[in-house]
Amino acid sequence: MTVKTLGVIMNGVTGRMGMNQHLIRSIVAIRAQGGVPLPNGDVAIPDPILIGRNENKLRALAEQYDIDRVSTDLGEALENPNDSIYFDATLTNLRAANVKRAIASGKHVYCEKPLAISTDEAMELYRLAQAAGVKHGVVQDKLFLPGIRKLRRLVDSGFFGRILSVRGEFGYWVFEGDWGNQPAQRPSWNYRADDGGGMISDMFAHWRYVLDHTFGDVTAVQCMGATHVHERVDESGRTYKATADDAAYGTFEIRRGEDRIIAQFNSSWAVRVNRDELLELHVDGTHGSAVAGLRGCKIQHRVNTPKAVWNPDIPNPLDFHADWQEVPDNATFDNAFKIQWEKFLSHVAADTPFIHDFHEGAKGVQLSELGMQSWRERRWLDVPTLPRG
Amino acid sequence: MTVKTLGVIMNGVTGRMGMNQHLIRSIVAIRAQGGVPLPNGDVAIPDPILIGRNENKLRALAEQYDIDRVSTDLGEALENPNDSIYFDATLTNLRAANVKRAIASGKHVYCEKPLAISTDEAMELYRLAQAAGVKHGVVQDKLFLPGIRKLRRLVDSGFFGRILSVRGEFGYWVFEGDWGNQPAQRPSWNYRADDGGGMISDMFAHWRYVLDHTFGDVTAVQCMGATHVHERVDESGRTYKATADDAAYGTFEIRRGEDRIIAQFNSSWAVRVNRDELLELHVDGTHGSAVAGLRGCKIQHRVNTPKAVWNPDIPNPLDFHADWQEVPDNATFDNAFKIQWEKFLSHVAADTPFIHDFHEGAKGVQLSELGMQSWRERRWLDVPTLPRG
Amino acid sequence: MTVKTLGVIMNGVTGRMGMNQHLIRSIVAIRAQGGVPLPNGDVAIPDPILIGRNENKLRALAEQYDIDRVSTDLGEALENPNDSIYFDATLTNLRAANVKRAIASGKHVYCEKPLAISTDEAMELYRLAQAAGVKHGVVQDKLFLPGIRKLRRLVDSGFFGRILSVRGEFGYWVFEGDWGNQPAQRPSWNYRADDGGGMISDMFAHWRYVLDHTFGDVTAVQCMGATHVHERVDESGRTYKATADDAAYGTFEIRRGEDRIIAQFNSSWAVRVNRDELLELHVDGTHGSAVAGLRGCKIQHRVNTPKAVWNPDIPNPLDFHADWQEVPDNATFDNAFKIQWEKFLSHVAADTPFIHDFHEGAKGVQLSELGMQSWRERRWLDVPTLPRG
Amino acid sequence: MTVKTLGVIMNGVTGRMGMNQHLIRSIVAIRAQGGVPLPNGDVAIPDPILIGRNENKLRALAEQYDIDRVSTDLGEALENPNDSIYFDATLTNLRAANVKRAIASGKHVYCEKPLAISTDEAMELYRLAQAAGVKHGVVQDKLFLPGIRKLRRLVDSGFFGRILSVRGEFGYWVFEGDWGNQPAQRPSWNYRADDGGGMISDMFAHWRYVLDHTFGDVTAVQCMGATHVHERVDESGRTYKATADDAAYGTFEIRRGEDRIIAQFNSSWAVRVNRDELLELHVDGTHGSAVAGLRGCKIQHRVNTPKAVWNPDIPNPLDFHADWQEVPDNATFDNAFKIQWEKFLSHVAADTPFIHDFHEGAKGVQLSELGMQSWRERRWLDVPTLPRG
């Protein structure tokens, strides 16, 4: 057994997501478990160098997690030939420039989503990476959530018969911050358009790959956004005007072979949750239905379907919730980010397949962009196929 | 105390809805309770004559419910000056002609919905009735469902603060009829476009008055229809092609004073129910939220709102269902159709106010019509104000 | 980042409250967490010296909690210029003299309640501290209980509409000590008037700040005390005559803007608990009600209010408990004493605001004093405003 | 066995209480069961004549309950020597005049409470009845509620040891009538001072006999009233100003042999119920405690008393509700009003003892009167003993 060390330049891991999901629960956890096993029996171990602006913060983080290398100089880091991978979790509007430098330095590149601020920019990164012959990937964590994996299990098994429709509900109440000593539980930039905030740009990139990889290609989109809460209080206690959309009411058309599926989604940070989980996908098919969440997934086969009759003169005699049955785990579900990191490290080290590439990243950006355009133009828009190459 | 007898010509009460809701649970029940009390202390009692094509059916029905008069000749019935009210629950495409004859005979007219097959036709009936000086009304039963009345109670009490959005879910699985010895629980004409079937034409008329009278005027609509189940088996066991839309995915804009509310609705006869009731309206406001069904209505005030945090690495620690509290009845809720009948009878006998007139009926037809057009043209459509007069 | 060390002279921390709440759960815990963060990014760390009469006890305590300094000589300790804060948790009748010495030595002073044995004495301490320019504070721990903080959240959010009334219930059965091998769970001095015991002098100081800071100024008081249990057994097994009031039945008037709130409280150590918690405040307002305890807080909005009807002929058909809904934590609630210590240390180190000063302490003493007077004179007494200065 | 027929002139039984409790559930029920058994084996059967202003109403009522006699002329009725009992459930301000006429006609008199509008007037009726040698009684229904009878059972058994204190809570939310289509569940006159409304005048008469006959003589009273809800909507939909007290916060001193008991009561029609029943009396004694409602009564003996310790740092580890144990019925409890009617009829027919006489009625009026005075004068008032004679 050979141990291959993969140097990974990690940029932007002092932020919440970068630190928790990518550094601690992925890279540090992979090192703790002794690396990623490769098909030939070898093992790949990531050796990170943390890049950021605040050296004290970087050093404190590195020390806590037993990491040797930190730097505030990305350019210098990119010159080290032992570091073959560049990872980017910086702010969206800085990403394209960083990624281009990394590609120019011959690094394989892995990124947080959204890949870029426009479809054109994302496609440019895709073409540059392809031309440079480096490997490239973008985070699509929700595909690896236990609930979504169980849903995929149902689709693959033919459980649904012909799939008819998907209802998606996402969101919860993000506190305004101005009462009851309850600060907002998400960063304030998410609610300011100028800072890149907004539900559509954040979540439509997710819905694209979840739908594409679970049901079929998204071929058309209609979207109405809203800024429900007009004023919020930020991290320092200052009131600010919320300018980004905090809710999106969308409909998608999906092509699955000869069939067309309709998916209606609402996504909101101004909704009080009346569901089992923060995200739920309700799927109906001719032979059965399912409701998948982050972790759970329950089904109702058509032979379990109650014969409901409309009669408001009496209290509803049926307990509709009792007709659903939980799908068992039958597996241990690891952290979603870590699973994808393992796939990417194996892809780099042993050339195993990896479908979550920059072309996929561009498709996510595209759906956000078309969602915004649909809102402005108040009409359905077709989703053009992005060229491979 | 004077007892006023109101002769009512009831046309089309051998059908399911007409018989159960209008004849038995409304007119017969009103007679059994001794009539409708009027503001001046008098009482109005309806004296029905049943009109239909099948005299045997009519006679059997009349005998069972202690009704003296039946006829197969509408023209003759309309000539009786003692019968001042004409009620129509015939097929939609027959309604306009019947109603015009009744108006021409000077009858007050009360109808099932939809009032007509097009907005133009509905508006023509409205203008004719106005010109003739007769009273007119259309069924808007869902306004009188216990759950919707409680929801209205919440709106009136200011519970919601500023209302942000409404999520509507309606429907259940209507069996295909071709397996498991489980015939469809709704008449087959509902699934044939040529017979006037279809979700949009059936339910958008309801959503119009529910939204208008609970939240504010519907000002724009977007809709995507679908025929999810392609083939069904009818009452006589014959397979037929389903040509009407059996599901509708709509979005509505509502104007409430200065505020705009977004309402996203899905309505489907091809959905397996994952809710408490067959119809649910989830309303979010700045100060609280509610989920109203046919009979129940539960609320969550903002002080009860849990601080949800996205963390798919652990099972959801919050039981979101536990944060909702049922709104008590605090009243006895009578049959929805009967309540509206009592209002119409009192309107005729004592000129008490009645807001559910033909103009309202035309607005219902209008929303269905615009919903179909939006589907064809794949875009949002404004809802023009229909003229009063 | 600078670390500021604040020397704290802690007098009277060998007693139960002083040791558990002030030393262990506050000062020791603050040291363990690395101090109190200040607004400018610095950190303040308390460095205690323990003062008492019994050097052995002091040394044992210091060793257990890793504290370097103890002394039996308060005068010497007050001469150390590095110790800028004096804390007093000695017996009430010793407090004023200690505090005066500390003020004369230029120390900032923080005290347990009651601040003094009379309003005059408390006001004298207030004026001395102001004149000396030292900072001063008095414990008002119940304001920081989770249940009371949630209640304040409700008040701030406008949940109640106009607040009408408060019902307060406090207490539990303090065992007499003379049967069942069940010694009393509170020190015997609490039940002897000469030793400063008594419900009114103990708890009215608490009710004052809880009411003042949650609802509005207490403007009048009526009180009836009682000594329900006449004889008790002390720590050494000796029977003694209980001379202090062990229960108080009071009513308070509160001014909240233009509105008047009535608060009726019973406080008793001779009551068997029929509540969720040892302290409960039931608040009724036009739009909603709440019942707050030490940790929990449940609400009933007016839209959830059942329509109760008096009918003793049948068992009560309503489950009144089911109409209440728990307010979620939505925050981590630290120890109440520690929170206030952090505020006082930050007040000393960085001049951040601190509202719990000696003037507040005097107001607490005042309400106890007026409560006793009202009992003697069997009449309502107005609560005069104490001068600021 | 002889059957004695007792003619009863019933005045004011078209009102809610008079009709339901006195006519239907008492007199009609006693007739249906074949009368009241007397000590000597005879039976007394009441033969009512209904007196009122609206003859139609009286006739309808009489017919429905199989009663032969009605009249609109009280004077004529009083002349009939066969009717030996006069019962009065008219408005309070009409009662004294009616009762005087009845006494002058030599009738035994039984009355609803309050007996009169002032203590002087009530005492005058008492002296007149005594002088005339007629029997007299006043309704004290709450003594016959199952819960209060069980409480009395506990007192008589010595369960409590020495009784220390009573906490009384009465009331519920009476809807304002102006929102949510929820009319008030009590008549509007109760909230207008000029019409004799008010909590103190209504309920203190009840508290007097409940306390007197369960614990001991009420010797002093302190009371603060309030009109919490300022505006209400009456039976005809008109908004009116609420001028009567809708809540009373009182304290009573009770003498029980050598012991003094303190009773603190709140009574409110503006409270949301957080109890098991609409009325609850919590009694603490040295040996045990009880909580009695309208029907239930639960106890906690001192050997079941948990040792509560104040520790807000952890969730309360005790379930205080679990330490209470329900007192079994061990009897069938008949309607409270009917029981008292049976006692009065037996008192008239067979001279059995009857303690609920006009002197008792005067004591009830007295406590209401002193409660109002205490509120005005903001002080405790002694309750003078009313002379017997």
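Letters A, B, C and D mark the chains as written, and numbering starts fresh at 1 in each.
Basically, a contact is a pair of C-beta atoms (placed from the backbone, for glycine too) under 8 Å apart; a residue touches a chain by one contact, two chains touch by 3 or more.
All values reported here derive from a predicted model rather than from experimental measurement.
Looking at chain C and chain D, the chains that touch each of them are B. As for how the two copies chain B and chain D face one another, under half of their interface residue numbers coincide.
Distances between chain centres, each the mean of the C-alpha atoms, put B farthest from chain C. Rounded to a whole number, the gap between the C-alpha centres of chain B and chain D is 49 angstrom.
The distance from the centre of chain A to the centre of chain B, each centre being the mean of the chain's C-alpha atoms, comes to 42 Å. Computed from the mean C-alpha positions, the centre of chain A lies at a distance of 68 Å from the centre of chain D. Annotation for chain A: residues 175, 180, 182 touch two or more other chains. Interchain contacts give a graph that is no line, ring or star and is not complete, per the touch definition above.
Taken together, the chain B residues at the contact with chain D in this complex read 149, 153-154, 156-157, 330-331.
The part of chain C that touches chain B in the complex is made up of residues 153-154, 157, 159, 288, 299, 301-307, 323, 325-331.
Every residue of chain D that touches chain C in the complex is listed here, in rising order: 25, 145-146, 164-165, 167, 169, 172-173, 175, 180, 182, 185, 222, 224, 226, 228-229, 247, 249, 251, 260, 262, 264, 266, 268, 270-278, 282, 284, 286, 288-289, 291, 293-295, 300, 302-303, 305-310, 312-313, 315-316, 320-321, 323-324, 335-336, 378-380. Chain A contributes residues 175, 179-182 to its touches with chain C in the complex.
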